[in-house]
Each structure stands twice: as C-alpha cells, then as structure tokens.
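Structures given as structure tokens follow.
In what comes next, subunit A is part of two complexes: it sits with subunit B in the first one and with subunit C in the second one.
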Partner chain A sequence: MLKTLEHFAAQCNANSRLRQMNRDWTRRIAIVATDRAQSFWLTSQEGVITAGEGPAVEPDLQIQAPYDIIQAIFSGAMSPTEPYNAGDLLVKGSQDDLMRLDIITLLIWGE
Partner chain B sequence: MKHVVSVSLGSARRDHQTTAVILDQAVEIVRQGTDGDMERARQWIASLDGKVDVIGLGGIDRYLVVKSQRYEIRDAQKLAQAARHTPVVDGSGLKAVWEPHVIQQLVEMGLISPHQKVLLVSAMDRFGMAEAFYTMGFPTIAGDLIFASHIDYPIQSLGELEEFARKLLPDLIKMPFSMLYPTGSEQDHTVSNNAYGKYFNEADIIAGDFHFIRRYLPDQLQGKVIVTNTTTRDDRLLLEERHLQTLVTTTPFLDGRSFGTNVMEAALVAISGVRPEDNGWADVVMNAGLQWHVSRFEGAKGNASH
Partner chain C sequence: MASRHVLPLRTAVSTSAGLASAAINFLACVEVAEYAGGASAWIALLVAGGLIIFSASNFAELSGLYPSAAAIRVWTRKGLNDRLSLIISLVYAATVVFVIAADAFVLAQAFHAAVPIIPGWLWIVLLLGAIAGANLRGIRVSGKIQDINGAVLLMTLVVISLIILGKTPWPHGQPLFHVGPGIFQAVALGVFIYVGFEWVTPLAEEFDDARAISRGMYMALGLIAVAFGLFTVAISVIFPDIRALHATLIPQLIVGEKALGRWGFWWMVIITMTTAMTTFNGGLFTASRFVYALAREKTLPRGLSHLNKYWVPSYALLLLAGLSLALALGVMATGWYTVLINAGAGVEGLVYALSAWLVFSLRRREAQRPRPFRALGYPWAALIVGAVFLLLGVGALLTTTGGIPTALLFVMGLTAIVTGYVWYYVPRLKKAPRRNPVMSSEPEETTR
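Let's look at the complex of A and B:
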C-alpha cells in the first residue's frame, strides 16, 4: 500500500496542473484500512503531496475503507465516488476535500 | 390547452401559475419548488405522470452536454424516471441552442466586445455559451472548479474545458447533486470577502448561473456586464445596489415575463411535439419568438427586450 500511495503522490507532484490546483491546499489525510488495522497518511503542502505509513497527526480528513478499496482508489482502478456512494468508503472531513481527492484521481487516471 | 408543470429543487417561495401564449398556442404553466427535497420532487413527478403534457425539472440539470457528448446526472435521472409516460425536460436543450445565439446578438449589437474579459462561473452546464465566448475570441475563464469544487484553478481555454469534462464528468455525475450545486436554502447563502473576488474584479463580463454569481458577488460591480439566467426582483435590486452597469438575462422573455429554461423547454416540447434530441429542435427554438432582456443601471437607465 505504501508504494501505491507514494506512486500516487509522485504522479500528483509531476503534474504541473495538479501542483497549481493544490498550491493552497494544506491538509493532513489519514487513511485507515479497516480490515487490516493499518494506517497510512498523505499530506499536501504548497502543491506537494507526500505519503507515509502510520497514524496521521491531527488529520483534516480521515478516509476509512477496506484495504483493497483504498488500494484501488489510489492506483486508479476505482474512483472514490462509487465506494463512497455504496457506503464502503467512509470520509470524515469536508465534502470539498473528498471532491478534490476525487478530481485529483480523475485528472490522473480519468478517460 | 397544453399543461406543463415545472418541479423544482429550488425554493417554494418562487412558485407561480400562469398562462402563456407560445407559438400561437396557450399553455398553462405551473412551477412548484420543493426546497431541495429530492424525495418530495420525485413523488411529485410520479403523481404528475400521465396527467400533464410535459414536466420540467428545475433547480437541477439532467444533462450536461459538452461537444456532442451528453452526460446524465444520476440524481436527475432518478427524478426523471419517476415519470414513465410524460416527457421530462431540464432546459439544457434550450440553453444549448439559445444562449450562443444571445451571445452572438450581444456582440452584433455592440453590447459586449471580444476584447472584454469574461468570467463564466460554470461552463459545463452551459457549454454552448462557453463555446460562443471562446470561439469569438473573448479571454474567458471558466470557473467550474473554483465555484463548484472550491479548487482555485481557472480553466482558460475551450480545449482544457473539454478535457476536464471528458475526465471528470463521467464520475462526477454519480455524486449526490447537492455536492455539485447549491439546492434549496443553500441557494440563498452568500459568501462575503471570499478568496475568489479577484476573478470577479478582473472580469468585464460575468456570465453563467446566477446562484453561483450571487453567492460570491463582490461589493462593487461598476462598469461590468452580467449575462445570466433568471433573476428575481430582489436580485436586480442587489445588483443595482452594487452599481452593476448592465444586466442581460438570457432566460427567454415571453408575454413580458421571464421563465426558467426548463419551463420554456417543457412548453415548446408540449406544443411542437419535438424533443431536444430530435432533428428540428433548433428550428423550434429559433422560431418560437423568444426574447432575451437587457437592463441598464448606473444612470443609463432603461430596459429592453430583444
């Protein structure tokens, strides 16, 4: 999973449009695989995304889902919308942040 | 007499009932708001099915049409499917034909000019207007990401708009509509001193959906032109207080009053029997005797329909 998240972060950081979009988006995102009790995190600061393993400190956004769904979302196999609508993806935080994550994944992998 | 009903997710305060003459035929028009209550709207549509000629969907887009690709918003699809017999329309077919025509006429009449900067607050719901601005050479910012998603990224070309639509819309249409657009009482909220004021300040022409415009409306609008859809009397007072120069409402005027695009589309479908997806729809719209409306404030007082 960490490799997937790091790859996601690298793709964001290599995309000048996403860096511009995220330049003012400072967030700590906690990602919890509910079926494996594993935690990961993403941070966004000045347009740069960083990934790591372990619990996030005072996260702005918490994402909880089974491991395979998280893996699918951050590898581009699935957008966050479908599992969110189905109740398989729980998000604690603002809808704007969820929407932004969705848009980021779609701009990397959409079409 | 034909009978159309517009079921809107907007405020019930704007409900009305009237009779209009369109294409030489009288049409009874009823508008009923549900204050953002999706389930109430669905039940109301189901109860009207088979009893009226056409149902309009207000306060929600069913279709977003970008180039030749049509994307159907899932929540709107569910509402439309509550009617099994009666056609349900949302005004997108009218906007696609009518709004580019209005922009063209505004240029021809010298009311706007392609050197002016345009802020189109949302373009994916009115691609025809966006295409008109971009192709006529207006420096145009499409604010879909800014105002609908709060991502400070201006879309600055038609090609980029089309790319974003291709990548984003197939997924975003599955989201709850309330995440994409203000509904019910959300429509009345305004945001003062917001971070997006710079886009309004830099624009000579502010265009697009009035709910987005009003929400982020700056205090001063001197010298600016707003090109939008339906505005209420209170909206017009607000714009005058903020010293707007010119207001153009593209929403068709008929018999001296303004109707929502879904209402007009419903009436045109009821009378002509032609649906927006049919050949001949553009001719129906262009031959219906529709008018747009211009109001001038700041000393150059006056109103005119064209």
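Let's look at the complex of A and C:
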C-alpha cells in the first residue's frame, strides 16, 4: 500500500497542473484500512504531496475503506465515486477537500 | 483522530431548521388552526412534532450508519438495490426543486403585495439569482448564509408572535386546551410544517461528532415547533374567525399588519423573504452536491460533475436553480401551486416511510456495523411511524385539484421518466468512455 501511495504522490508532484492547483492547499489526510487496522497518510504542502505509513496527526480529512478499495483508488484502478456512493468508502472532513481529492484522481487518471 | 476542518453544531441546527421553514409553512399554519378549531392548534403541532421526532431518529440511525453526502443513495443501495436506489434518489432530489419552486411562488405573492409595481417574477429571479451566486462562491459562504438566516427567521417569528399575543386580548371562545373533531386532519397537515428537516443528512461527513446530525435535527424540530406553534396560536388570537384567512396566499402579512400596522407588515415581508432564502439556499446547497456525486458515478451526464474554481459543482447548481425558476414561473402563470406542494409533501411522506423500512432492512443486512445512534422505540415505533407516513404520503398525493389527483399524476409522470432514464440511458452513460477531466481551467484556493 505504501508503494501505491508513494507512486500516487509522485504522479501528483510530476503533474505541473496539479502542483499549480494545489499550491495553496496544505492538508493532512488520514487513510485507514478498516479490515486490516492499518493507517497511512498523505500530506499536501504548497502543492507537494508526500505519503507515509502510520496514523496522521490532526488530519483535515479522514478516509476509511477496506484495504483493497483504497489500493484500487490510489492506483487508478477504480474511481473513488463508485465505492463512495455505495457506502464502501467513508470520508470525514470538508466537502471541498473531498472534491479536491476526487479531482486529483480525475486529473491523473481521467474518469 | 480529530479533523480540523469541521462544521459546528449550529450549522446542523440552522440547515435542518432552515430547510423545514419554508414560506408555504404560513399557509399550513392557517389550515392547521382551521382544522384544530383555533388556538389549540399548538396541540396538533406538538403531536405532529412527536411523530416527526421518531422519523428523525430513523434518519439519525441511517446517517450514523453511513455518514455520506450521497445519503439516501447509499442507504437505499445498501437496503434495496442499485436501480431502485437511483430512481428513488432522483425523484427525491426533484422534490427539492418542487419545494423551492412552490416557495418562490409564495414569496412572489408576498413581495407583489408589498411593492405592487414590481412584478413577483422579478423578485423570484433576483432572490434565486442571489442565492445561487452565493453558493457558487463556495461552501463556507453558503454555511454562513444558512446560519444567519436560520437564526433570524426563527427568532423573529417567536418575537412577533409574542408581541401579538401580548397586545391582543384573548378572544372569547378560543380555548388553549381543546381537541376538536378536526384534530387528525390538523395533525396530518402539521406534519408537513416540519418536512425537509432531514435534508441536513448529506452534510454528515463534515461534522466531527457522529451525533451532530441527530442532535441538530432534534434541536431544529424543537425550534420549529416553538416558532410556528406560537405563530399559529397568534394567528388564532388575532383572527378568531380563522376562515377569514382561508383564501389568501399571504396570511402572515395580513396578521403582521393587523397586529402592528405597516411596521408589522414589513416585518413579516422580511421574515417571508428569510424563509424562502433558507429554503433556496439549503436546497441548492445540498442538492447540487448530490447531483455532482451522481454525475461522478456516471449516472447523470458528465457535465454536471463540473467544479468551478471554488470547488462548487456549478453546473449542477445552475441546473437546479434554473429548473426551480422555470417551475416557479410556470406555477405563477397557471396558479397550480398546490400541485407542487402536494407532490412535495407526498414524496416526503413516502421517503419517511421508506426510511423506517430501511432501518429494518439494514438492521438485518448490516447487523454488525457500528451505529452511533439507534432509532427510538425500534421496532414498534419505526413500524407505526412508517405506516403513518405511508398513509400521509399517499393522502397528500391523492389530494385533488378540480376533481383530478394532479399531484399523483405529476409524481407518477416524473417517476416514469426517471425509471425510463435509469433503465435505458444510464447503462449507456456507464459504458461511454471518459478520458478528459471536467473542471474550470484555472482552479484557485478554496474559500476556507
């Protein structure tokens, strides 16, 4: 999973449009695999995304889903909307942060 | 783990209260008082509020089980199936448009009475435009408007009602504790004063505390009961023969003027504007996110997932505002506003019955899933409340206009169109390849 998230972060950082879009977006995102009790995090600091393993401190956005769904979303195999509307992906945080994360996956992989 | 960007409880209260507090509620207050036989109408509103509390607890359980902006879409998908869920979700989203349009019509009547030289339709366009514009500026702006409007509306309604009660001598033959023969009709009508309170549930994921939605709904229902209950008593006191208000579409303005002269009239004009703004704002705010989620799921056309530079689903929002405007203008032209009110009330009643069914279904299907909140009095209360709202919903749809059940025909027509869309067009949308993302060319930092 960590490799998937690091690859996702690398793709974000390599995309000039995304870096420009996220230049003022500083957020901490907690990702929890509900079926394995594993936690990961992503941070956005002035457009630069980094990933790591372990619980996030004071996250702005929390994402909870089974491990396989998180893996599929951050590897581009699945759009986040499908598990979200099915109730398999739960989020806690502001809707504009959620929409930004959604659009990041959209910009990297399309729909 | 605590999230830093969360909404306060007051936003849950104001959103729930604001969405329920439509301008059409004033018409309902008059009818409730008429059926209840005057000042004792507060008893009918209290009983109706009790029923609604149990329904709110069903929504609270569902929202705690799956806190999601997709709300009813998720619950029905888990409790029923995908296609049925989509049909129900789309028809339910359409009721937001009905309520906004009906409220806009009542607002137009109020403003036309206040300033006869300016046509009502222009007020509709201006207010809908202003609210849509505020929403297009971002979620935080919308939340602030909702907080302010909700508070102003209910507080001023309580104040003006108390002033009326304080300065008007209690009329002879208006018992405060009396249950007349029309109490059941009064309770049935009273229920619809609270309708819309549950539209706060799509905001569930923005609150840190999973119980904020249930607390917000309960507090909002209490505030609505007090504010509109007092107003209904005030109407009965100042108009002992309530039938005098039966034919008017602006009873609140007449009551305000009779109690406090021109000052009271304008006060009620402002309150009417506030009720409509909370309905417009809250309705557009939540429904546009819902449409966005469906578009991202590829069940609505791709363009509706467009986000503007403030991360607002702008095309979805403009579509809803445009449909509301068109419907409101159509109602102004035809005068068929009761069709929209009955259609909205009917669909809401059926959705409340469905929420009770979903509580049963998900208790069985998702028995082990954590529930931060459990429905009150399960299973018997959920069963009874579900049956009551099923009857109320069907009753509202069967209400006739000129001998024809127009609301039923309207909702059946809409459901048929939506079913056809879901059955034949959605599979095509799902198959269609999509490559390019949809968004504004140069996004900016959000308003937060």
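We take it that the second predicted complex is superposed on the first by the 110 of 111 C-alpha atoms of A that agree within 3 Å, B and C clash if a C-alpha of one lies under 4 Å from a C-alpha of the other, contacts with A are read in each partner's own complex, and residues count from 1 in each chain.
Simple rule for what comes next: contacts are C-beta pairs under 8 Å (C-beta built on N, C-alpha and C of every residue); 3 or more make two chains touch, one makes a residue touch a chain.
Everything numeric here is computed off the predicted structure, so don't read it as measured data.
J.: For A:Ala86 in the superposed arrangement: first (subunit B), second (subunit C), both or neither?
T.: After superposing on A, A:Ala86 lies in contact with subunit C but is clear of subunit B.
J.: Of the two partner chains, subunit B (first) and subunit C (second), which one does A:Leu2 touch, if any: first, second, both, or neither?
T.: neither
J.: Name the contact category of A:Ala10: first (subunit B only), second (subunit C only), both, or neither.
T.: So A:Ala10 meets neither subunit B nor subunit C here.
J.: Mind working out whether A:Ala30 is in touch with subunit B, subunit C, both or neither, as first, second, both or neither?
T.: Only subunit C; A:Ala30 stays clear of subunit B.
J.: With both structures superposed, pick whichever of subunit B and subunit C touches the larger number of subunit A residues.
T.: Of the two chains, more subunit A residues are contacted by C.
J.: Using the touch definition from the top, say if A:Gln62 reaches subunit B (first), subunit C (second), both or neither.
T.: Once the two structures are laid over each other on A, A:Gln62 reaches subunit C alone.
J.: Residue by residue on subunit A, keep only those touching subunit B in one complex and subunit C in the other, then list them.
T.: 21, 23-25, 79, 81-82, 85, 95-96, 99-100, 102-103, 106-107, 110-111.
J.: Which part of subunit A faces subunit C closely enough to touch in the complex?
T.: Touching subunit C: residues 21, 23-25, 30, 55-56, 58-62, 79, 81-82, 84-87, 90-100, 102-103, 106-107, 110-111 of subunit A.
J.: Could you list, by residue number, the parts of subunit B that touch subunit A in their complex?
T.: Contacts found on subunit B: 145, 149-153, 164, 166-168, 170-172, 174-176, 179.
J.: In their complex, what parts of subunit A are in touch with subunit B?
T.: For subunit A paired with subunit B, touching residues are 17, 20-21, 23-25, 79, 81-82, 85, 95-96, 99-100, 102-103, 106-107, 110-111.
J.: Mind listing the subunit C positions that touch subunit A in their complex?
T.: 1-7, 66-70, 73-75, 77-78, 138-139, 203, 205-206, 208, 289, 292-294, 296-298, 302, 307, 310-311, 313, 434-439, 443-448
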